[in-house]
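Common to both upcoming complexes is subunit A, partnered first by subunit B, then by subunit C.
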Partner chain A sequence: MSFTGQSATGPEESSTAAAATPGGGLLRQAVVVGGNRIPFARTGGAYTKSSNQDMLTAALDGLIARFGLADERIGEVAAGAVLKHSRDFNLTREAVLGSALSAETPAYDLQQACATGLETVLGLANKIKLGQIDSGIAGGVDSASDAPIAVSEGLREVLLDLNRAKTLPQRLKVLGRLRPKDLAPDAPNTGEPRTGLSMGEHQALTTAQWKITREAQDQLAYTSHRNLAAAYDAGFFDDLLTPYRGLNRDSNLRADTTLEKLATLKPVFGRNLGAEATMTAGNSTPLTDGASTVLLASEEWADAHELPKLATVVDGEAAAVDFVHGKDGLLMAPAFAVPRLLARNGLTLDDIDFFEIHEAFAGTVLSTLAAWEDEEFGRTRLGLDGALGSVDRSKLNVNGSSLAAGHPFAATGGRIVASLAKMLHERGHVDGRPARGLISICAAGGQGVVAILEAF
Partner chain B sequence: MTGAQPVILGDMPSLSKLYVNAAATAARRRVLGTDAGISLPPCGHEVRGVLAEVGNLTAFQHLVGETASDVLPAGFIHALAFPVAMSVMNRDDFPLPLLGMVHLKNTVEQHGTILFTEALDITSWAENLRGHRAGTQVDIVAQVRRTGESEVLWKGTSTYLAKGVFLPGIDKPSAPPAPTTFSAPDPTALWQLGVDTGRAYAAVSGDFNPIHLSVLSARALGMRRSIAHGMYLASRALADVGAVKGDSFRWDVAFEGPVFLPARVALDISSVDSLSGAWRHSDYTAWNPRSGRRHFSGSVSAL
Partner chain C sequence: MTDKYTQFVSRGIGKDVAKKLGLPQPVVLRRYQPGQALVPGPILVQGSSDGADELAAALLAWDLDVRRHAVPREKLGAIVLVLDELDHAEDLERPVLSAAASLRDLAPNARVVTVSRTPASAPGPASAAARQGIDGLLRSLAKELRAGATANGIMLADGVNTTSPSALGALRFFLSGRSAFVDGQFLTVASGEGQLPADPEKPLAGKVAVVTGAARGIGAAIARTLHRDGATVVVVDIPAAGDHLAAVANSVRGTALQLDISREDAGHRIIEHAVGRHGRLDIVIHNAGITRDKLLANMDQGRWNSVLAVNIAAQLRINDALLASRDFRDSPRIVSVASTSGIAGNRGQTNYAASKGGVIGMVRATAPLLAERHGSINAVAPGFIETEMTARIPFATREVARRLNSLQQGGQPGDVAEAIAFLASDAAGGITGEVLRVCGQNLVGA
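After this line comes the complex of A and B, so read on.
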């Protein structure tokens, strides 16, 4: 290959014709029955004292109540958290045990940074398609308020060595290594381990590289708040959300924000770059607490339980970029995943009716759109004849996204899948085919996971 | 290597004793007004059967951001060979004062992997005594072979400057060249270096030069604050380049403004591939994000 990018086609391109499953049958469909989340809360707010397990259980119990799943043995529950205490090694199983589901429901934890929630949906959907399970609950949770804090490396080593020491003199010798600075705790941060740059600083580099203006970012943030507020007013979230700790709306939502107000905010990222700093607290997502869940099933299981079938999980794709040495921006992996996913399914951007592009930062969404519209990026990095194409803005994040709702890292995938499934079901058919939606989620470590859903 | 056969040392020299001896030599030369001449020692030093200590290796690897594998990082080998190099600079017939020498640049050629279980013969000598506008510079070369084998697996050349020392017949002071303007690119990384960075690297490298340890010990040698070890910075940059460099590579670094601790250091580390997509070299530049002053730059390239 002469180009150094990530081909939009490739060896993984293959026929999507039905294949045999382990049971000998053909691949069956995995449908989204519905979802439930708790409202998302800004960090230090209503959920300050709630643990990840508390919030995941609350979201799960709301889902159980909505779909009558009490004492039901679900095929498998998969969820995860990005900021996770070491004691929560079995977070999802513990949440299941604390929920109204049958205690015989197995569960596993998954962690893929901000793509965690979407990856749990894809993993369980694949198991359903293969006939390994008939039902599954995917989800995610994160608390930036109740974040784990570790002891310093010095104290940790002393404590571990103390445990290994056998005699009193040995223990005293180990304790003698302790220094006052070892008592300072080690708090988690959003810095990339290999670069030391925060996610916001990484995005500031990408935002500047794609020449995204402050005005365009503020406009996207404004639209997100306006769309989310309108969706709440229209009752769109009535069957997607269970109130928790006194919240019945996402606490980050500013229904009355204006472009003028957003324009007054001072830049917070990229102030040390040569280019003008454009990223503010208004066009970046705040740290948030929250949890979300999605109920997935085979058609037969949904029918047998007389439950709705909103949408099918058609396909998914993961990608990663070499951000460490600046070849691509940290959050640009979806720019490569989406073209590959579309190509495998014989689709173009014009065949999509709803775009759900996670708003980590307004700059992330706009940089991704700019890359897809760029001729050279299409040719040299995607291996296409030209630009991938343009996204019709009237189809983008129509009920708001993370800039307005907030972004409890692992919970964002479940929020988007449940909302998109409902939107697709409401739309029904477009031009004689099922309405189709595309989800794109960027993640730390230069990763991205994307998926296609279709109205059932 | 030119000149006589190296002197075989029975044991690895102790760096702390070498530093003490260097201080004593400096005092003696000042009091007695003696000097060591204007030529380099005629022979080098060699230590045979050197083994890395695995706990020390792990600590080094974690400190500079390498995975704790069984392969010795190129910067670790530099630290392993450093006492031998120091012992050469500590000889009575070495013409420059050891204390206060400035590490100007460093080049390493790594010709294959060395595992921590392998016994090594380490040879070091001084060569290429020459002038510099601000003093006299010299190359200290170190070579590492598996014990009993002739193939050189690692060769390091460290260029040091004795500031303000002008040996007769070598050079005269001259005006510094016009400062080259450096415009910082967009960083690909940002390092937060704590005030204990020098002490941490001293603990894993054995290089307890007082200028790296604390504000007070650095001030005693005329620095306003302690500074990071150059080879710590370069080793981190090498670790950042990662596995793409393979088993054989050349690693260059040139040091400019010292990194006073604590510090924030901005870096640009980027790779250059051939048209066929094969890696050719990775270049790195580090600077102070506030002042824009360059700290060091270099590259890792295929051999």
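After this line comes the complex of A and C, so read on.
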């Protein structure tokens, strides 16, 4: 990892001035116009009977209604799901066709585990900056309730061979290979294919490594619920959310939870590590169903459609870690992506006004913060002179995050981008520069995607 | 949808059975569709005044088939009875009895419209008697007409002639299928304000309208009707109704604003959205309303306050913001949904009736405040309308309620919407501070 290639361009310039593209054209700004999501529901709850396509279509239709986009041809729609049926190969395009958008709106699916939603935002923002499209809708959806169930490998091979067999004796011979165990379905799981460990067990290793206490994790969870409940009460989500199937708020939200209640929960991960197990259902996100969308545009397109410009998408960065060999924790990639992104933009943690660090587990957020505050990690792993720095907790997830809202994998990025864009717009300027927000999302496979947004 | 009984007795064997048994015989009403003929036959204009001649000429200019004298046994689409120059109750005899001779020639769903002068400004008792006599005459005639035919009246203030924009606008409304469920009612034209539309099929072209409570029922119908008439529509409802609201917004190619109208800043948010997204704000329809029924003896503070807060306090506060705004100055229109409960009362609805009576008082008092900006404010009072809400009334009660009017059926949400769309149009500029009932001449509520 090299940190010598810092951009010579300061943040103010990079966010306001047009730069030359490799092709000689000028880079434009990509602005966040707004967003819409449906409330997130705990798996097995309100959306048990809703498919990914149903939920993504509902989230799109709410966005279309908010911004008057019925019959509009959008440059491109990009979305994805982590748990996806094979029949949903064209999930996003099918959702577009079922929505009020013009049927001439192209769409593509994208999948980068829990970073899917944020990556769709970055991809479309880049296309807007390059002038390839003028408008885009980014999004994501996931249903753990309506999860795909596959047939076993044995049955799948038999069925494929059966299809290739030409004569009756050949067919009988193929069928003869079938064994009772082949008939058991293959349910999806959130385990890492290369380690067999669940995400929670992986995080338990990291949580223990960074010596994150149970109290600190419970405090983070408590704050998340309290902040999200306050945001709902203040009407913050009135123009970010459209109800769906009788749900007006995220069903995981416990506005009345207390530290005492959280302290009574039994640990569910890391019980075999020897050290004290600290991760409970209260400080880990539950499986959740939901969908989110974000409307992105060039300044010109937003102006021509008399639409608001909340924030600009400044820059993004992806990282991955070698969790397989235990070098870093599964969900620690953002710890590396953020320093690289800040350096490229000539920024430090002190230049950020809002931190949106996805709460996969309270331990994930706290391990990441601990790593950034750690001198040795800074020197040996980030190649810095010392620790990266501290995050002012009063700027962290101020309107709640995944511990309270829930986490429908691919939908989390869109939730965060739309909320942050609104917060930045409301804040306006800080010390004479646009308010600035940092998004950090960890993902399965040891990956992470991070981004910077600025108030428009 | 017309109710099943009305469908059954409208044709074939059902019609014969109902007639023999003396059962109510509602018909399927002629409701407006774009491209539809204004009336189902020639229009007979009766009256010998200059105003009658001018009105007949104006109707001819609309390419309508106009008669000044009845042709025996010719089916008529409408009779327009112009009585704008009566000095004495005795003057009623000739024109009224002459019109009477043609009543049997009215086609199904035909119209009778009187055009007369307001009693309040009459020069003397005799003339006031004549003018007020028309009120009783018209309301009685409306109860005598059958087969979907209705009778309504236009009252002109002194100095307003029969061909002023709003006199013609109101006449067109009453003649058309837009007024299908308006019966036995009067509209007063107070001034020569207003303007007839360039395209009668798009009377709201270029206008930006806000409809509150638009997620379902009457509000959704208002949004669709305003959109059909050419307006760009902003639909508003509480955040919890956002999914239904989104569907309405997308169906009318408008925008959805999730907003609780009882919030302190609701008026500001409405103006900001309309002007920010659509560049202007011309029309506000106060439709949002709630019921929390309870006999007054059992009434609690929560039920009383929530109904008053949403149904009247919110409208007053939003109107204050509109009146203070520089963006609501170009011939603006406000139309509020009142209720026949607010006029005639309804058992179990003291809170609701107080709020709806309040709406009527507010509308009358706000009219002068809008006059200097050529604006208008009016209310529409629906009677029994077939909605999700009235569908929950027990069957027998519902069946009685929907038959107790001159048209012997419930109205549709679209009927209320049509009256609102008319009052929101430029053509209605001379009509302000009025309450128009859309109730099929309900037997209660006068």
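Just so we're on the same page, the second predicted complex is superposed on the first by the 433 of 456 C-alpha atoms of A that agree within 3 Å, B and C clash if a C-alpha of one lies under 4 Å from a C-alpha of the other, contacts with A are read in each partner's own complex, and residues count from 1 in each chain.
Everything that follows uses one rule, which is that a contact is a pair of C-beta atoms (placed from the backbone, for glycine too) under 8 Å apart; a residue touches a chain by one contact, two chains touch by 3 or more.
Computed from a prediction, not measured in an experiment: that's the story for all the values here.
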Just checking: does A:N248 make contact with subunit B only, subunit C only, both, or neither of them? Give me first, second, both or neither. second
Quick check on the superposed pair: does A:D71 touch subunit B, subunit C, both, or neither? Answer first, second, both or neither. second
Answer with first, second, both or neither: which of subunit B and subunit C does A:D239 touch in the superposed model? second
Contacts of A:L205 with subunit B and subunit C, given as first, second, both or neither: first
Touch check for A:P308: first (subunit B), second (subunit C), both, or neither? second
Pick one for A:P185: touches subunit B only (first), subunit C only (second), both, or neither. neither
Once chain A of both complexes is superposed, is A:P169 in touch with subunit B (first), subunit C (second), both, or neither? neither
Using the superposition on chain A described above, determine whether A:G346 touches subunit B (first), subunit C (second), both, or neither. neither
Following superposition on chain A, which residues of subunit A contact subunit B and also contact subunit C? none
Applying the document's contact rule, which stretches of subunit A touch subunit B when the two form their complex? 1-2, 4, 181, 194-197, 201, 205, 208-209, 272-274, 324-327
Using the touch definition up top, name the residues of subunit C that touch subunit A in the complex. 239-243, 245-247, 249-251, 253-256, 258-260, 263, 276-279
Which positions of subunit B touch subunit A when the two form their complex? 65, 184, 186-192, 196, 240, 242, 266, 268-271, 273, 275, 277, 282, 289
Please output the residues of subunit A touching subunit C within their complex, sorted ascending. 58, 61-62, 64-68, 70-71, 100, 235, 237-239, 241-244, 248, 306-308
